[in-house]
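These notes open a run of structures that come right after.
There are two complexes below, and they share chain A, which is joined by chain B in the first and by chain C in the second.
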Partner chain A sequence: MTAYSTLRFDAARCTGCGDCMTACAVAKTGSDDPGRSRLRVLPGNTPGTWEAAVCRQCGDPRCVSFCPAAALAKDPETGTVEWDGAKCVNCLLCTVGCAYAGIAFDAAAGHVAKCDHCGGNPACAAACGEGALEWMTTARIYNEVGQDEDLFVPGLAGCQGCNTEIVMRHAMRRIGPDCVLATPPGCVPGMGSVGYNGMTGTKVPVFHPLLTNAASMLAGVRRAHKRQGRDVLAVALAGDGGASDVGFQSLSGAAERGEEILFIVIDNEGYMNTGMQRSSCTPFGAWTSTTPVGERGRGKTQDAKNLPLIMVMHECDYVATASTAFMEDFYAKLDRAIAAARHGFAYLHVYSPCTTGWRFPAEKNIEVARRAVECNFVTLWEFTPEAGLRFTRDPDRPRPLADYLSALGKFRHLGADQVGHLERHLAENVKRLRGLAREPAAA
Partner chain B sequence: MSGAGPLSPTVPASHPEKRGLLRMTPSLRPGEADMAAVLEKKKPKVIVCDGNEAAAWGVSLANVDMVAVYPITPQSSLVEYVAKFVADGRLKADIVDVEGEHSVLSVLQGGMLAGARTYTATCGPGLAFMFEPYLRTPGLRMPMVMSIVTRDTLSPQSVWGGHQDAMSVREAGWIQLYCETVQEVLDTVVMAYRIAEHHDVMLPVNVCHDGNYLSYGASRVELPEQADVDAFLGAKDVNWHVALDPTRPMGVDPLTGGAGGPGPRMFVKYRKGQCRGMQNALAVIEEAHAEWNRHVGRWHAPLIEPYRMEDARFALVTLGSMTGAAKDAVDEARGAGVSVGLVKVKTYRPFPLKAIAAALAPVEAVGVIDRSVDFGFDCGPLYKDVLGALAGLPRRIPARSFIGGLAGADITVGHVQRVIGEVAELAASGTPGPTAWLNERD
Partner chain C sequence: MHSHYLILGASHAALSAVAAIRMADTDNALTVVAKEPHLPYSPTVLPYVVSGRSDPARIALADEAWFGERKVDVLRGTGVAGVDPVLRRVRLADGRELFYDKLLVATGARPFVPPVPGLSALPFHVLRTLDDALALREAARGARRALVLGAGLIGSHAAENLAKAGLEVTVVEREPRMLPAYFDARAAAIIERRFAEHGVRVLTGATVRTAERAAEGCRLGVENGAGWEALEADLLVVGAGVVPATDFLAGTRMDGNRGIPVDDDMAAAEGIWAAGDCARVASFYGGPPVVGGILPDAVQQGRVAGQAMAGDPGRKPYAGAIPLNTYTFFGHQAVSVGVQDLPGAETHRCGDPAAGRDLKVVTRDGRLAGIFGIDWPFDGGVMWELILRRVDLAPVMDRFLADPQDTARTLMSKLWR
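Coming up: the complex of A and B.
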């Protein structure tokens, strides 16, 4: 089943101000009468809470099946249920079919009206000052990239629900076959991408560098092809340990020299392939197999190294952070990173929740990735030397950190003092980034 | 002397230089008419340079595509010369100024896998830092060339010459060639590419030249003609067997081995292939030296050089620049009626077991001079290897280990005279004494 972009309503953030309804009315009718909005924010069952009544753009829409005139139809491209005024016979049967109050009679207009997502740029979400309404664009990207060739074999041996495999497959779909791929030891080759005993798991030239030298080897690969007049993209899919710890020297050296490399770090906050040991990207307080919890041990006692920010200080041609919960953002950055890697060092840091090492159910992976961003545990931004640093998602009004920490077994033991430390650290991090940012976050 | 090629164990015994490092390699084997014709035809360009500059000339003549550099004493001036040659446009190579020796070799591995002919040089702590990619180079059958400007290892802290660095990696799978003279450094760097890239070999080569004594010792050097070198080396073909190239996509170095399935036999196949490449190298090294002589008109002994071994009652075995002083001492001893000869080892890995056994078979005692230490056996490593060669002979030949020239110390004619005296006694007694340390009372 195809997934589509959609409106997301977060009741916990809604204050009932009604700005969304006014914006909808203006956008759709020209009137600022919130009564004409196609979205209704209504008091919830509990006093002080709010609910949103709006078209769900159902997969199997009842309004469509109830309509005797074929005036309603689900657009297979956008997923939006579209109303066609030329066919409508004003029987209102659609309003009977919908259980969500997603389509209603607009007396002033004289016909039914429903949300059409404003063609992919909904006015309500833009008007919401609380972040309660958001346009979630994740889905469309799958429709766009679905036709790109998957450059890994089926059945890579990642853990169930592995986020790293998602990053690998999407990144390589976009990069395409005219490249050389380095996968330093870790989960990426561990799941079989380079292969075993004479067989390979990848359709492009792929190799095991050492844990220490992916950036150096790729520098040689890129330069040798360039000498031969060929533009072969040099790509690394590296873990955080190989990049931030033992591989950091070669990474820093290649970045300083401006080697033409696309270096993608898949950050699962530790040596997960080797048995979930601590790396310098492991966050404060986290359980790992080398920062165990016991009588005295309370997890890692140091904050994570901020590797992407360190790469910014190298003045790389492109640096960005990304998350698989925000795929359009990820793809947009991937495109810019690919372009940058043809003239300089491009660095992409993708956060990759690890179901095995972080101790949460496999099906929660994208949810964990999303909460990490919503709680500012992970911030999404990009940097170029020309434009400076820019948030691609506003870090204002984060969700409570507890929403993220409570989802993960590796933080189960945290005391209030440790949570407080993390909160202060994350706030400092946002403050530091904001100090570097030259322009406000993208809308 | 075993193997093919126009070989002669004899060279003129007149060497006026006081120090071995200034010794000239004889250009031609005497009495060969076609070689005389070559000499007649070619008026070589002559320069005066040290071993580090000579190596850089070799790199330039070999048309290397990619050089990665990082400075370390006593190698630094070598990479400075290479950088200057690139800056002057003489050498049209990519020069990569990396952040350490680990990346030096790593950049070159990437370049080689994408088709580049590569070069670098290091020594001592730099070689130690490079160890991780160094170990991998022969296993991936990478035909790379790296000079080791030999230096003693830490600690005690030291920046001076000694073979301990190269000796510490002697079982890593690289071919190791030791040079005696500055001229031999230049010639061997070029020859190393023909050896490394030979399809029967496909292994990396270390061209070792002694820190201080060869790195900084200046000498008369003949520059080969570029056209002769080009004809000698032929076309580059470094990654026909393994490549990182989208037109030939492959998984390079997948996990191989394990306890079951096809892994164990695949791993054995690769390891045995590596051993076969090393053994093939013995003949290829001989062929390369013969071809160098044919194209350039200069002869160097490829595996070992027996010197005044005719009718020798006992023999010295040497490695590297110490050979110059040792030859002088042998000449003097011969002049005094002592029947001593010398076997210089040029090809140390693969170890030319048969050639050494054949050269030493007639003698009554052997003294091996090492510029490094084998800690496990309380002797010199070359000595231990020579014992291995002697063990295969039907008659027991007593041998003794001598260690000298550590951390920059000189091995003088006087030291070698002492060795000759000890070996003469050994020939009489048949009972080797313990390892002798030549500079212990300097």
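Coming up: the complex of A and C.
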């Protein structure tokens, strides 16, 4: 399976200005007649709404199957359905194959015409000032990692839409099989990675330490292998509860000693596996089963502990935060963390929205993860002792916090005072990080 | 030899089935039996091979690499001679025997030669295989006058190309108009006029009664409403329709030349499926089953058959045949989707026949049943989908009739989101 860059049309943002069509016509035919555009923006049935007809570069393109002259083909490299004018016989059967009007007869040209993504830099998207047409390129990372083996078995028993499962599978794909994995109590072992009845759900050596001793056991595992001359990566996939509360002692100790460990914390802001209790990473105001909302209770009354920043203060060889809504960033950090764990303590903190415990629809997981970052509820940065702290995504001009809070059931009860508190706290957080950052944020 | 999947034929229906099978089952052995020595090609491209527009070396729909990637064994150059559905065994013309678990018959159709006395004794051309096309191209070079029997798609394409090659061409069609399966009298008249403008004589409502050798080549006795006429030519092309190419099923329950009856999984019998021009399928509009005989249907049916054979859980049953076609002639475009008439249907008509433009829209209960245009822009594929989904056009009917293309595009854009 290959993932391709693609044009995305967001009907909600379209104003029907037609700039995209003019740009397309100019780029493809040299004429500025929008009628010659290969992309058609059309007034919707409700006034003020807009629709688009454009080639979707289908995975299993019917225009190609319907072409009797072998003039259409999907390019396996780019994913674009390419038209070969030298082979085309102008029979128009391709237009019968397309239910999107993605290929149509261009009377002025005297043959069919279709979108070719302008070779990877579509003029229409560049011309759209509204963000309604976007050239999405993020999928490239999946082509690369799609080749790597998934080191968990299929059918782990995570909740529907579980983000933690995504983090685990991606992280282990990159880490590869030469490792020993520790999964202290939490959702990671809970969904079956350590297995049942003597069967394991993980395709690498895995063990299930106590909440308290994951880091110290891994320290021993790494040292023992090293003594035998074997470079086996010591990896933890731990929850935020275990890491920030009862497991913190061994974590802090291992980090301070500079043990060669890759410690990945999957932060779903509480003990979601055991019934959604609060942890020290649960944010202010959030509902959990132990910070209930009722006559008097209004959710958690303390702010979340900033665990990744605390790890920075340990001067670890590598510390970073990541989100599954920003996969390329996540993978870049994974690579650096894996490298660092061969000479010191590497700590990766990945935010993981929990559909069950945070109360939002399963299909919204990545959207929630994205909004968390766009609203600065979560900031993306990395730290090394040499380079200091660096934002990997600019926290300037965040989206309104309400966009994030309103998406989650666990914040539904918040009063204006609580929202104000959260806003102040987040602003404070960004300010503190800025103070630590040595260089300007990446673009 | 044994193959889990065995596919007879190597054209649209077969290739589409191969792709569908391999989506769901990458492992079990798959063998394709192709009668012709060539790489797979489309019969639809053949008129363009005759005219020289298509290079026969560049028309392959799939090459060795395509089959290799899909782990398909291709037996080329030998046809199927018999099928034993009880033993699940196929006999090839060269005597080899193949056993299968699941068999797809996708052998398409062969030309129908009308039972005109004397015809079979004459040298004539048909157009179904690449070899036919190469022979006709060669014959056209030396010929002066051509007679084409049949003004369906094959005959019409052949006539146009022969005229463009400089021949004096006469077309004889038994029905009262050209392309009777796809266009009504008013639309066909526009097409017929274009043929006349380009010097092609089209005799409709005319039946060939006799055929004999003549000094030049052949002489046909043609009867029309007005009487008899003798036509002579040095090149005779028979494009009088097709019959399913299923002779090798003689003696089985699927015998006969009316197409192999199949259900909505394209299943014909225990362990046997059929798709494309050789299958008899349900019509989308109800009524008696039909043999579609068009390329889009061969692709769709091949896909359904492949999915059913591989047990693909995501498969959707075949929705029923909807006649549709595109026809380009002398630089003009005709598109036909759906049926000309249904009980209780309404017909909306506009256009400018004098200028050669025409649009006919057939609706029933606010739903599209058919749309037919000449040099009138609309997207056949979008219209097909509107029919298949029985989309209610009532709220936008006026707009649809005024501007079918953009109105339908708007509807589809919304439906797909």
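The criterion applied here is as follows: the second predicted complex is superposed on the first by the 305 of 443 C-alpha atoms of A that agree within 3 Å, B and C clash if a C-alpha of one lies under 4 Å from a C-alpha of the other, contacts with A are read in each partner's own complex, and residues count from 1 in each chain.
Criterion: contacts are C-beta pairs under 8 Å (C-beta built on N, C-alpha and C of every residue); 3 or more make two chains touch, one makes a residue touch a chain.
It should be emphasised that the depicted structure is a prediction, and the values quoted were computed from it without experimental measurement.
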| item | value |
| --- | --- |
| Comparing the two partners chain B and chain C, which touches a greater set of residues in chain A | B |
| Partner chain in contact with A:Ala70 - chain B first, chain C second, else both or neither | second |
| Partner chain(s) touched by A:Arg438 [first = chain B, second = chain C, both, neither] | neither |
| Touched partner set for A:Pro43, first chain B, second chain C, both or neither | second |
| Chain B versus chain C as contact partner of A:Glu256, first or second or both or neither | first |
| First, second, both or neither for A:Val232, with chain B first and chain C second | first |
| Which superposed partner A:Arg296 touches (first chain B, second chain C, both, neither) | neither |
| Chain C-contacting residues of chain A that also contact chain B | none |
| Residues of chain B defined as touching chain A within the complex | 65-66, 68, 94, 96-100, 102-103, 106-116, 118, 132-133, 136, 243-246, 248-258, 261-263, 266 |
| Contacting residues of chain A [partner chain C, same complex] | 11, 40, 42-45, 51-53, 60, 62, 65-66, 68-70, 87, 89-93, 95-101, 104-105, 107, 110 |
| Footprint of chain A on chain C - complex, ascending | 12, 15-16, 19, 23, 42-45, 48, 53-54, 58-61, 295-296, 299, 324-326, 328, 331, 333, 335, 337, 377, 379-382, 384-385, 395-396, 405-406, 408-414, 416-417 |
| Residues of chain A defined as touching chain B within the complex | 177-180, 189, 194-210, 212-213, 216-225, 227-228, 232, 249-250, 252-254, 256-257 |
